[in-house]
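As written, the chain order gives the labels A, B and C, with residue 1 at the start of each chain.
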Amino acid sequence: MNRFGFLKRSRKNRGALTVLLAMVAVFSLLATSCGNDDDDAPAAPEATAAPEATEEPAAPEPTEAPEPAPDPRGDALGDGSLGVVTVPEGESIQIRSLNAISGPVAFLGLPNQRGVELAIADYGDIQGFSVDLGTPLDDLCSAEGGQAAAQTIVADEQVIGVVGTSCSGAAVAASPLVTQAGMVMISPSNTSPALTSDFEGNAGESYNVGYYRTAHNDLVQGAAMANFVYSELGISAAAAMHDGDPYTQGLAQAFSNAYEEIGGTTTGIVGINKGDTDMVPALTELATGSPGALFFPIFPPEGDHVAAQAPTVSGLEGTQLLAADGMLVDGFLELADSEGMYFSGPDLRFGTNVNQGTGRNADQILDAYQAAYGELPSAAFWGHSYDATTLLLDAIAAASWVEDGDLHIDRAGVRQYLNAVSGYNGVTGSLSCDEFGDCASQKITVIFHQSAANIEASKNNVVYAYP
Amino acid sequence: MQLTTKQRTRVDWFLTFLRIAALALIGAGLLAFIAQAIDANNPFARWANPDALSLTGKQFRDLVVAGLAQGAMYGLIALGYSMVYGVLGFINFAHGEVFMIGAVTGAVTSSKLAEAGAWESNFVLCLLLVVFLSMVVCTVTAVIMERVAYRPLRGKPRLIPLITSIGVSFFLQNFILVLLGPGTKSYAKMPDWLTEKRTFLEIQGTRILVLAVAAVAMVGLWYLVERTKTGKAMRAVAEDAEIASLMGIDVNRIIVKTFAVGGAMAGVAGILWGLLFNSVLHTAGFLPGIKAFSAAVVGGIGNIGGSMAGGLTIGVAESLGPLMILEPLGVSGPSQLRDAVAFAVLIIVLLVRPSGIFGERLPSEERT
Amino acid sequence: MTVTGDFPTTQGTSADAASRRRLLDQDWQKLVRAGGILALGQVFIALSGMPVNFDRRLLIDPILSLGYLSLIWLPLVVSYWVGREQVLEGMTAYARGGRDVLAGAIAGALGNAGLTLLVVGITHFDIRDPLVNWSPQLLAILHFEESVWLGAVIWPVIGAATGALGGGMHCASTRITRTAVIAGLTVFGAAVLESVITDLSQGFHIEAVSDWLYGPKRGLTYPAAIVVAVAAIAVMAGIWAYRDSAMRAGLVGSRQSPAAPGESDRSRTVWRRFISRRLLGYALVIAAVVVLPLFLGRLTNELLANVGLFILLALGLNIIVGLAGILDLGYVAFFAVGGYSVAVLTSPGSPRFSPEMPWFGALFIAMLLAGLVGLFIGAPVIRMRGDYLAVVTLGFGEIIRILLLSDWLSGTFNGAQGITNIPGVEVFGLATVRGFEPRSVLYLVLFFCAIAIYVSWRLENSRIGRAWMAVREDETVAEVMGVDTVSAKLMAFVTGAVLGSFSGAILSAKVGSVFPHSFAIIVSIVILVVVIFGGMGNIPGVIAGAVVLIGVLGGPNQPGLLQEFAEYKILIYGALLVWMMLQRSEGLIPSVRRAQELHIDEMNQDAWLRAQAEADDATGGGGGNSSVGEQP
């Protein structure tokens, strides 16, 4: 190849390229500015009133009476401020499930999704219209995954609400998208205080109007464990451990804060890494503070290693071990290392609680679960998911009316219903939504694990209930 | 550092600065730690990190033993890296996964044996069987890997087999994931006489076993490489494959044997891992693999004794380093940084002594 | 076919009856081995759970789901591979025929017998304990929810049929097989691209097209698949016809003016026409890229924005790995530096230090920081050998992630809780780019991709670019020739780092939050796969690699078009990396120079053969050995 020709060519093209580049830049700037205007234009024919996706949604106004609507509207809730979705005759009401259904967190997300499926099957039609869940979506337990899935959801403007996400990290990215599109999001297993509030009237930094959850708030579980350790066990110095996951880190921190508040001393919070096996260094670090109790709200297999190695570390021989619901799995309870431990978690004594939307109790739902999926749930939040779904469906029922054979659903009405939920009977207990979307019964129990030989007895051996 | 004796560039000054800074930090941390151990209230200790709590003698010993046991496993894995490196001159990234496959094989067979009731009644025999099976599976994996992925690349630029081995590593990891699922694979329960603390220095029986097995494996390997005909051939191939083949050595066979021996060592390490930690995941091979490679480099790659010494160094460093160096310097939650410590050891060793602690050859002489 | 002249060519002898082989004259050993490999592969695919997990995704509405496709493709490939024969230079190739079809069928049947064993095994034994997918669901897929007998018998039959097809590909002419393969791939692509095509047709208000193409349960409808295949075949036929006519014209032309000066003249005009056509092509592509997002819906724009982020990353890594030949396995560190610096500087929620800067200001600082980190990581490692360097950079990448996650620095980076509430990008008061509007993000990404492409392209052809390539080819020689290798390598690190930080900066504005786990090792590996798959050192290749891999399979945290692949993504990436290295280490779209380096042996061999042939010509075929001494 001719080297000089080569050079010449590149010099000649430089000008052309600069021009092209400038054009690209101008185009993209223009397009970006136009993009905002066009964004919702194609949507107009779809819904009777296009939801103003970019606008700040109206603040919840639960006290406002339904406006004097034309006759067919009846007493359906809502003022139309977020748009009205019309479901043509013969089609289905669209809701979505957004849970971590693949990868290492699938054990948490699959029962959530199945809870939604069972609830829809049990609930039946709303005003003669069936409910469609569409393709189950995966939040991948990450912010990016949550955002991508949320884009899929909001692209379909027929969707009223979402049950999910499984992981708080995914909710941080998904909830602004979903809620700003006028939809609601009810999570069965997010527990981060940042998503709702600190219970003192301060919204969490990732709170969005239109977000609700039926799972407890970490602050409650942290406080429950702190009170249990300090008052019930009478231990005044404790340590906590997390594995770098936002959930476990948040819970360990919440425990520590609550514990210090009631007068205990946190001797240390130590983080380990997912995949670690040798816990001796981390445990030794904690042992230097001589804690009387060690709270490690992490998951297997790291939790197995902690329980097995803690008693061998000098300085932790007599330390009381406590874990959270993440370790409450049969595989761990069957190990001798787990004997004598306490576990905190949401109150799972569902007993005879009946979901008021479907009239089913926990045993019936579990039977249906086993019949449909051939196994028992692998995590505790199936009931929360079931309740979240019936809450959503009840809200849709309350905010919809039939006109000319089509079903109309007022998005604002759905939120209005959820904001006003109080004393709703679910399988997980009595649900009441506060002004920041915390709807769970917030009941935390602590169980004592006596013997690895009889784990069913341990699961029901509640020694402390909070509040 | 450089073969050509050029004048020192800015980069060299920067590197010198890095070396001094790293060593100074380590020194300061150690000094602060010692100062705290002597008297927590002396001015130096208070200046470094007033909140740091010193270790008791027992805790210190436990940390060392835990580090040694972990390090022995790194050493066993590092042998595989080191041997392959010596013979073929490239890092077999996937060697960590061979180790993981060994540990998984052990978990599956031991739980099956326990189901059949043989595990408790006949523990030693079962353990031997498990070790044997794991060695066989690992050897086969390593040999297949060599045949399928590496042999066709012989003679290609050095980066090509390296990239291939990264691919093999992630393939094997996910191969186990999709076949066996994401859950933890647990070993059957160990008998109490093994897990309880022995009177001898109050060290856990499994840790003693790990150290003993590692020592035996080391000696066996040393014998193989230094005293047998195969070993002689291996050393010849490592020195110069072309000339070795002219001398009538079947280079391909020697390479296969090298992979096989490395695989077998990884299999043993896998079982030791299972004995020590009772469970294994599909991801269990990657990080230990990288650390074992660091161990091989730290010890001087291509050097068998060096690999074991490097493994012990890395193991003890990541066990003691956070509490002995980082915490006295005021780093909170230092245990979380232990992986970072292991990598830092690698980086510092390569900065200060690029040929490793026991390395003879300067690696830059065959730089590509 | 570099040697011409008296040697018999393949075409020339294909009709020769003597070279025909009998039907049963098979290489049985090879067949059994191929069958065994295929059986293992098929059993692995079945037990990996792909058939079960992919069964929901229909490709062609009633007949083919992705699940069944996962069980069919391998016999096709293996049986084709069985029939492949290396025809050495100067040797006669055998005529292809029924023998190849039979060989493929036998291999396919043998291989799928593995599935038969699986069917029988699942019905009789339960080893679901270690093998999670040893399940009744798999059995149902394997025997089509009919009887076990059907399942046991039908798979070898399917294997024989697909195998015959695969082996038969050798019998047909290259054009026919190529057309068939492309038609198949087009149908597959049309099925995979369902959401994009639906989106596009909505954008252009031609929903009728997508409604007709795709059935209600996703997947192409039966007639649509046929039409798509026919269309692909028609296009291919057109291309062949055009090429034929062009070639004929070229031949005629050369016969008319054999004189040397005329030839160079013509070649220049041809060259010029080529350039202008190429420029036209570029202009078209740019126009399409700028205009098309306006017509695309939310989903496609989101997907393309993710692809764009990886294009940026891949272009950056391409400078380090592809141009300078430094295998950096910790490239994610620069991604993290970009993401976290923008997060800390712009978010009101960043814990210690929150200046709430505008995005572009933060980007500037992120670039500086990334450059500094590039220098800091680069300086200690550039003197190391390639493989030490790989592990040490991997270590640096992990150290940065661990520090971001640590409680120690959580006062600044908020540890595991990540930094949230990152505002969008204010484009000089004209518009706001936020994750809510993927289209705006896509334009932002495209803008930076354009910058990255321009920078890479200019650098590649500049002094420093030649220095990189010299370092890549042989560092010692480069140094002797006066290239300052140290600063060249550092420059590569810094440039790559800055490009990577762009991507991180956009990511944090797009997602609105950053978490340490978004910056794991696997991100580095995926970017590396993208670069290698596309073609190291080649900008169009890298872009194509990102579009194909990230678009279809998805990134480490990003879903692609085939969301079902989520659990198999890394498996496939690993396998792809190995396969690329073994078969085509220069990548999908190779850079010419890189390919030459990688195939230096073959080139030398070719050169030697050519020299040999020339020597033969010169001496009348006698002095073949004389040229041995001249070979390079």
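We adopt the following convention: a residue touches a chain if its C-beta (ideal position, glycine included) is under 8 Å from a C-beta of that chain, and two chains touch if they have at least 3 such contacts.
Bear in mind the structure is a predicted one, so any value in this text is a computation, not a measurement.
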Centrality ranking, top chain (CA atoms only): C
A-B against B-C, pair bridged by the larger set of C-beta contacts: B-C
Interchain centroid distance [CA atoms averaged], chain A/chain C, Å: 36
Whole-Å gap between the CA centroids of chain A and chain B: 40
Centroid spacing, where centroids are CA-atom means, of chain B and chain C in whole angstrom: 33
For chain A, residues contacting two or more additional chains: 103, 244, 269-271, 273
For chain C, residues that touch 2 or more chains besides their own: 402, 405-407, 567
Residues within chain B bordering two or more other chains: 333-334, 336, 339
Contacting residues of chain B [partner chain C, same complex]: 1-2, 4, 9, 11, 14-15, 18, 90-91, 108, 111-112, 149, 152-153, 155-164, 166-175, 177-181, 185, 286, 290, 293-294, 297, 331-334, 336-337, 339-340, 343-344, 346-347, 350-351, 354, 363-364, 366-368
Residues of chain A touching chain B in the complex: 103-104, 106-107, 244, 269-273, 275-278, 280-282, 284-285, 287-289, 300-301, 304-305, 308, 312-315, 331, 335-336
Contacting residues of chain B [partner chain A, same complex]: 53-56, 58-59, 62-63, 66, 70, 182-184, 186, 189, 197, 204, 273, 276-279, 281, 283-284, 287, 318-320, 322-323, 327, 333-336, 338-339
Touching residues on chain C, where the partner in the complex is chain B: 44, 47-50, 129-133, 325, 327, 329, 379-380, 382-388, 390-392, 394-396, 398-399, 402-403, 405-408, 475-476, 479, 486, 490, 521-522, 525, 528-529, 532, 567-568, 570-571, 573-578, 581-582, 585, 597-598, 601
For the chain C and chain A complex, residues of the former touching the latter: 202-203, 275, 279, 282-283, 286, 290, 293-294, 297-299, 302, 306, 349, 402, 405-407, 415-418, 420-421, 427-428, 430-433, 435-440, 443-444, 446-447, 450-451, 454, 461, 507, 510-518, 555, 557-559, 563, 566-567
